[in-house]
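Just below is one structure, and these are the notes that go with it.
Note that the chains take the letters A, B, C, D and E in the order they are written out, and that residue 1 is the start of every chain.
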Amino acid sequence: MRNFITPRYYLPALMIFILLLIPLFISSPYILHIMAMVLFWAYLASAWNIVGGFAGQLSLGHGVYVAAGAYVSSLLFANIGLSPWFGMIIGGLVAALLGVIVGYPTLRLRGAYYALATVGFAEGFRVILINTTKIGSWHTGGAEGFLVPLLGDAPQHMQFMSKVPYYYLALVLLLIIVGFSFWLDRSKLGYYLTAIREDEDAALALGINTARAKLIAAALSAFFTGVGGVYYAQLIRYLEPNAIAGAIMSNQIVFLAIVGGRGTVLGPVIGGIFLTIIGEMTRILFDQVMGLHLFLYGIIVVLFVIFKPRGLIELVEKPYEKLVKMLNGRRVEGAS
Amino acid sequence: MGVLSSIINGILMGGVYGLLAMGLTLIFGIMKIINFAHGAFLMVAMILSYWLWKIMGLDPYLSIIIIAPLMFLLGYLTQRFTIKPVLDAEKDVREPIGALLLTAGLAVAIENFILMVFGADYLMAKTAYSGASINISSLSISVPRLYAFVTSLVVAFLFYQFLIKTELGRAMRATGQDRGVALLMGINVSKVYSIAFGIGTALAGLAGIVLIPFYYAHPSVGAVFITKAFIIVVLGGLGSVHGALVGGLIIGLIESVAAQYMTATWTAILIYFAFLAFLLLKPSGLFGSRYEW
Amino acid sequence: MALLEIDNISVYYGEMCVLRDVSAQIDSGEIICVVGANGAGKSTLINTISGLLKPKTGKILFNGEVISKLEPYQIVEKGVIQVPEGRRLFPNMSVEENLLIGSYTPTSRKKRKENMEKVFTLLPRLAERRKQIARTMSGGEQQMLAIGRALMADPKLLMLDEPSLGLAPKMVSHVLELIQNIAAQGVTILLVEQNVYHALKLCNRGYVLENGSITLMGTAEELLNNPHVKKAYLGL
Amino acid sequence: SGGGKSSGEVKEIKIGNILPLSGSAAPVGKIGQQARDMAVEEINAAGGIKSLGGAKIKMIYADSKGDPATGVAEAERLITQERVALITGAYQSGVTLPATEVAERYKVPFVCPVPSEDVITERGFKYVFRLAEKTTWRNREQVRFIQDMAKKFGTPVKTVALIYENTAWGQGAVKGWEKYLKEAGLKIVLKEPYPANSSDLTPVVLKVKQLKPDVIMMCSYVSDAALLTNTFAEHKVKPLAFIGTSGGFADPVYFKTTGDNSEYFFDISTWEPDVNRPFSKEVNEKFKQKYGYPMNAEAVKAYTAMYVIKDALERAGSLDPEAIRKALAETKLTSGVTQMYASEIIFDESGQMVNAPLIISQFRKINGKMERVTVWPEKEARPGWKPVWPFPGWDK
Amino acid sequence: MPAKVLLELKNVTIKFGGLTAVSDLSFKLFEGEIVGLIGPNGAGKTTVFNLISGVYRPTEGEIYLNGENITGLKPFQICHRGIGRTFQVVRPFGGKSVLYNVMVGAFLRTNDTRKSREKALEVLQLVGLYNKKDVLAKNLTIVDRKRLEVAKALATEPKLLLLDEVLAGLNPAEVDEAVEMIRQIHKSGITILLIEHVLKAAMALSQRIMVLDYGKKIAEGSPEEVTSNPEVIKAYLGDNYGIA
């Protein structure tokens, strides 16, 4: 029991506590909306990290899973009134299925071949979404996009007029994925994925069914990403194939994870939070001059990569360790 | 007749795609970096070429003598001052993901810089031959595309000779196979990287120049071509120069001929999924070495 | 004046000191052997001379000139050539291309034809296999090629890092013979070997490197008779 | 929510504007911004909003990047952070759809000058007002034009090829075309969507050439519009008529990139520089002076929108969103510069402007320069000009 | 000795394009043996390992483990059935610690992280890497990498261990240590097949030696028998063999 009052436990707890309290101090729906988006992006980056970081498979097509989750849950919601809460599970499962479908043919692909194959798949999927206006009698909107019906305040259908519930929902999702990553990092599967990332042939020789491990990783990653898609659908309430399944979405997810530090538990979270806030700030502060804000954003990414090639996690890890040490020291002193 | 026309058009366009893919495959083969800024460089060259034509009346093909060296320099400096530090930090990594991300960041910065400075207009050099076509009975062959195709072939040939025959070309290939040992051969690896990136960028520039008489430049024009170039490079086999050209021709042909039998949007789907199916059979592309990866 | 002079160098990987105050010198025409346990720092020493690693303190002189601040390619241009541990050929290039790359430096390029002839007479196997892709060759052939490639650079100082590693006994004697032949042509040689007995038989002088420091040096004979060497490296 | 203060203390009125200011639609976003700025400068220079004590309008621009999610975030920000009185935008229907929903939720009026997707005003929203015509209205007029020409010139039109970009806008257009062409008894021989921003449209053109349709109708943004036009020229495709659907064909850049190739093409829009309406010439001239190129219909709608808003603010006399909404709903503008767009501006129940004036222009080379010449309907036509029908061919 | 046959190769052949790397090879390994596999460079030794461990599928012939036909099984399936191997070109998971590397192997027999760690530490003791358990694998020297290679394979609790030149690059003193280590492993009940060019060690360890040349078995027998076989001397040892 004593262990639980070490900084290693109470610092994260403190962080979570602060995150929980934020809505009490911020009333601006816009800021809450942005903060929900920030947490949401951190969540997506973490979900990607399962396959892109731990297993080292650079997927550049994760938008597909966001879209799958979003479309499946929204279609079920609009057509048979299925609550997106259930849609989350079904959307996630469908995304996971897609993850396996993409994962299977790409099993033998390594490195850049895999990365670019996922680009091809995602593009193909996006074009299909654009070209499909109906699935059976269900209207999907094609390129016109799909408007998620607005019910007003309907918590049972994941719709709220206030931003606070969205914020908490994003926070919960993020905590779940971080908890999962933390577990994964220490589990057999995590060890296996890391081994595959480092050297797939050697992993095979150690009895690892690399194909299965990769498919499990792909399915898990796609599942969580798909769940994120369901959230996105209810937050934005409009699904547009280019925006949701396009390269911008897919690349953004990867950006965040890598800038933060891929293959680590908290790297993608940090990347998601940092970059999203920076992107938002530059856009708001510099959108008078056409292009300026994205120019600055690009430059900032470039500088991050040059100066912190292993990810922003480096920036946070050391001071955090120091802080833990310091607090630890003080506790010991205090105890004596 | 229609099919013949579309075959010809597919081949002509395919050559240009191949030219663009060649630079991408070169950079990958030697530095193991997927260069996401390739499309942005294409765009920069198109815009430069346009302005040279617009202000000085310089024919785009003549502007090669100015733009190719300029693009080379741009690539050279980009590698020297941005990619090199990242690569140095990722020395023992097989695939420098950081460098990949860096090029993606650069792409965003370059595109938006051009947007800031030159605005978002759609620019095209309407040269005398821009709309011209050679008509043989009902067959018409677009002159600017023919020029572009011929240029692509010539450049591909010269470039291939350069890689195979010259000292520097050999050094570049050697560096691509093992950069650690290349050092021990007296090769200045970081300079070779800069040159490779410079040449890759210049190739993107050439693709831009041959496009500008019949295609519109704007800050995000790179996006129109880059995904195609990615697919082509993988199809041909990463790092394979002739693979890039053949891949370009294949994609050009499918795009053009298949569109006669289905809508143009479905050809896109066909291309992407045929590509995946192909990779299933041949995971390292047409001419890629499975030993490389 | 010594051809190569290593003056009190220390080399680190990060925080870890791998070579500590190492000094050594090699005169023109000598065959020098460095022996030492695994992990003693032998490869590190060679890589530092080649410029792949930079000493934290101390310096290295070649022909009286400080080279420890130069880039690897500049050092190669001076004629300091290494045959790296584990051969490291360019796997997808032919035998011939591997050799051509060997003579990349401007000075060696001039003598390319003549050196190629020399390599082919020394290693007739390579002449037979000119067009074979390096990766498809057997271990022994690959080692031949690695040495031939180094010879193409017209070395003044040739450093070989465990050239007999993984070779069948018959091959080992062959390679060591070859080294002797090369030396006979006036190339100074720095040899790192686990096959201590064979190596010392071959060379004039030797250094024993242990835990990053030179603990012993002397003529081959002295070392062969040294009780510590006998026990630790010859297994006698 | 909104910035409801009493009129006495109002010094400036913030208006939020969501536009694509980066990405591939940035050029059109920029024109929209310029047109709005010019109008606001005029309004402020003329003493601002008098019923609010001469309060000045302050424009706040937000870049949607053409991305719906960004559009939503910006709508949230404009409303809750900037506390704008109302919003205009968002050029693309795809961004407008979710962004207007945000406004509806906060009960902040949203004026849409350009986006034409039908459904925007068909969702029962109360705070969304659209100045633009619906996409299908254009289709209806285009078909009427074809029938009219066929009769007038005695050239029967039987077959039509539809070429459209595969986006919200294009897919919306094709629905209208199908409906009205069917009603008119015309046969669609080709329905060809293509991916927006194509690298090569030759395959599409070759396909059309094979089928030899009587009329070719197109729906494209400028890069594809120009590419199509030039490729048709290269392959000398010769139907009775080429008809564009505004957007790219109405973009000032279009002439620059197509040159003579576009001569004799038709386009549908709501405004043309030569249109016979009050204020048209003057405003366009001023715009040309200021920015170096003429207005297009979308610029005019953006410009007009600011005057519609001004009028509503004057009548509302307050920044209370409910008051503004009510004023907008009661708009009945029949005088002033808005005349250049429509002689009468009224919104129906759904917030849709009724009777948006649609006209057809033909591209003609006059004194060595390409111009858009209004040719239909006859009463709006440039005096002395008539449609050239059928398409005379490429060897001109 | 009525020992049980653990592994049997029956007429195994593999061709790479025109090259027959292993040709009509048959042999048996009995439970509890240490057998040496020697031969000139390129004779096909490593290829035999790759065949047994499932990296390659034989063009012809079958492979049996404990009487079960394992021909064509995937490497991981074969590992599950109890064959561990090391690679001639060592392949550590470079970016991870020594302990992490070995735990990956240990996870084959458990799902529990704690148990896997215990097993890994035990193995590290055995191979003498315990003190370096937290070092990143890529920073190990060649010997230590070879030890790690053995440790990883051992952690999978194999019945049969295939060792590919684990002694190469060691000096005589180190060879002695390593030989001792292999004996320990053998003692713990593991059957061993080893490829080795360091003849002294191969002879000291092996109860039986097979000699491969051009993919064919040219000799088999006790170390003494084999090394005095003229064919072996000609193909492998060379005429001036026998100095050290």
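Everything that follows uses one rule, which is that a residue touches a chain if its C-beta (ideal position, glycine included) is under 8 Å from a C-beta of that chain, and two chains touch if they have at least 3 such contacts.
The structure displayed is predicted, hence computed values, not measured ones.
Removing chain D from consideration leaves the other chains joined as one piece by touching.
For the pair chain C and chain E, there is no chain touching both partners. Counted by C-beta pairs in contact, the busier of A-E and B-D is B-D. Chain A and chain C have centres, each the mean of its CA atoms, that are 51 Å apart.
Centroids of chain B and chain C (each the mean of its C-alpha atoms) stand 42 Å apart. Between chain C and chain D, the centres computed from C-alpha atoms are 76 Å apart. Centroids of chain A and chain B (each the mean of its C-alpha atoms) stand 32 Å apart. Shared interface positions of chain B, i.e. residues touching 2 or more other chains, are given as 112, 115, 119-120, 219, 223, 265, 268.
The multi-chain contact residues of chain A, meaning those touching 2 or more other chains, are 127, 130-131, 290-291, 293-294.
Within chain D, the positions touching two or more other chains are listed as 22, 26, 29-30, 166, 193, 195.
Of all possible chain pairs, those that touch are A-B, A-D, A-E, B-C, B-D, C-E. Of all the residues in chain A, the ones that touch chain E in their complex are 186-188, 191-192, 194-195, 198-199, 201-210. For chain D in complex with chain A, the residues that touch the partner chain are 21-22, 26, 29-30, 61-63, 65, 67-70, 72-73, 76-77, 79-81, 93-94, 97-98, 101, 105, 117, 119, 123, 166-168, 170-172, 193, 195.
Touching chain A in their complex are the following residues of chain B: 28, 32, 34, 82, 85-86, 89-90, 94-95, 97-102, 104-116, 119-120, 219, 223, 227, 230-231, 233-234, 238, 265-266, 268-269, 272-273, 275-277, 279-280, 283-285, 288, 293. Residues of chain B that touch chain C in their complex: 167, 170-171, 173-174, 177-178, 180-181, 183-189, 289, 291-292. Touching chain C in their complex are the following residues of chain E: 38-42, 88-89, 139-144, 165, 168-176, 197, 199-200, 235-238, 240-241, 243-244.
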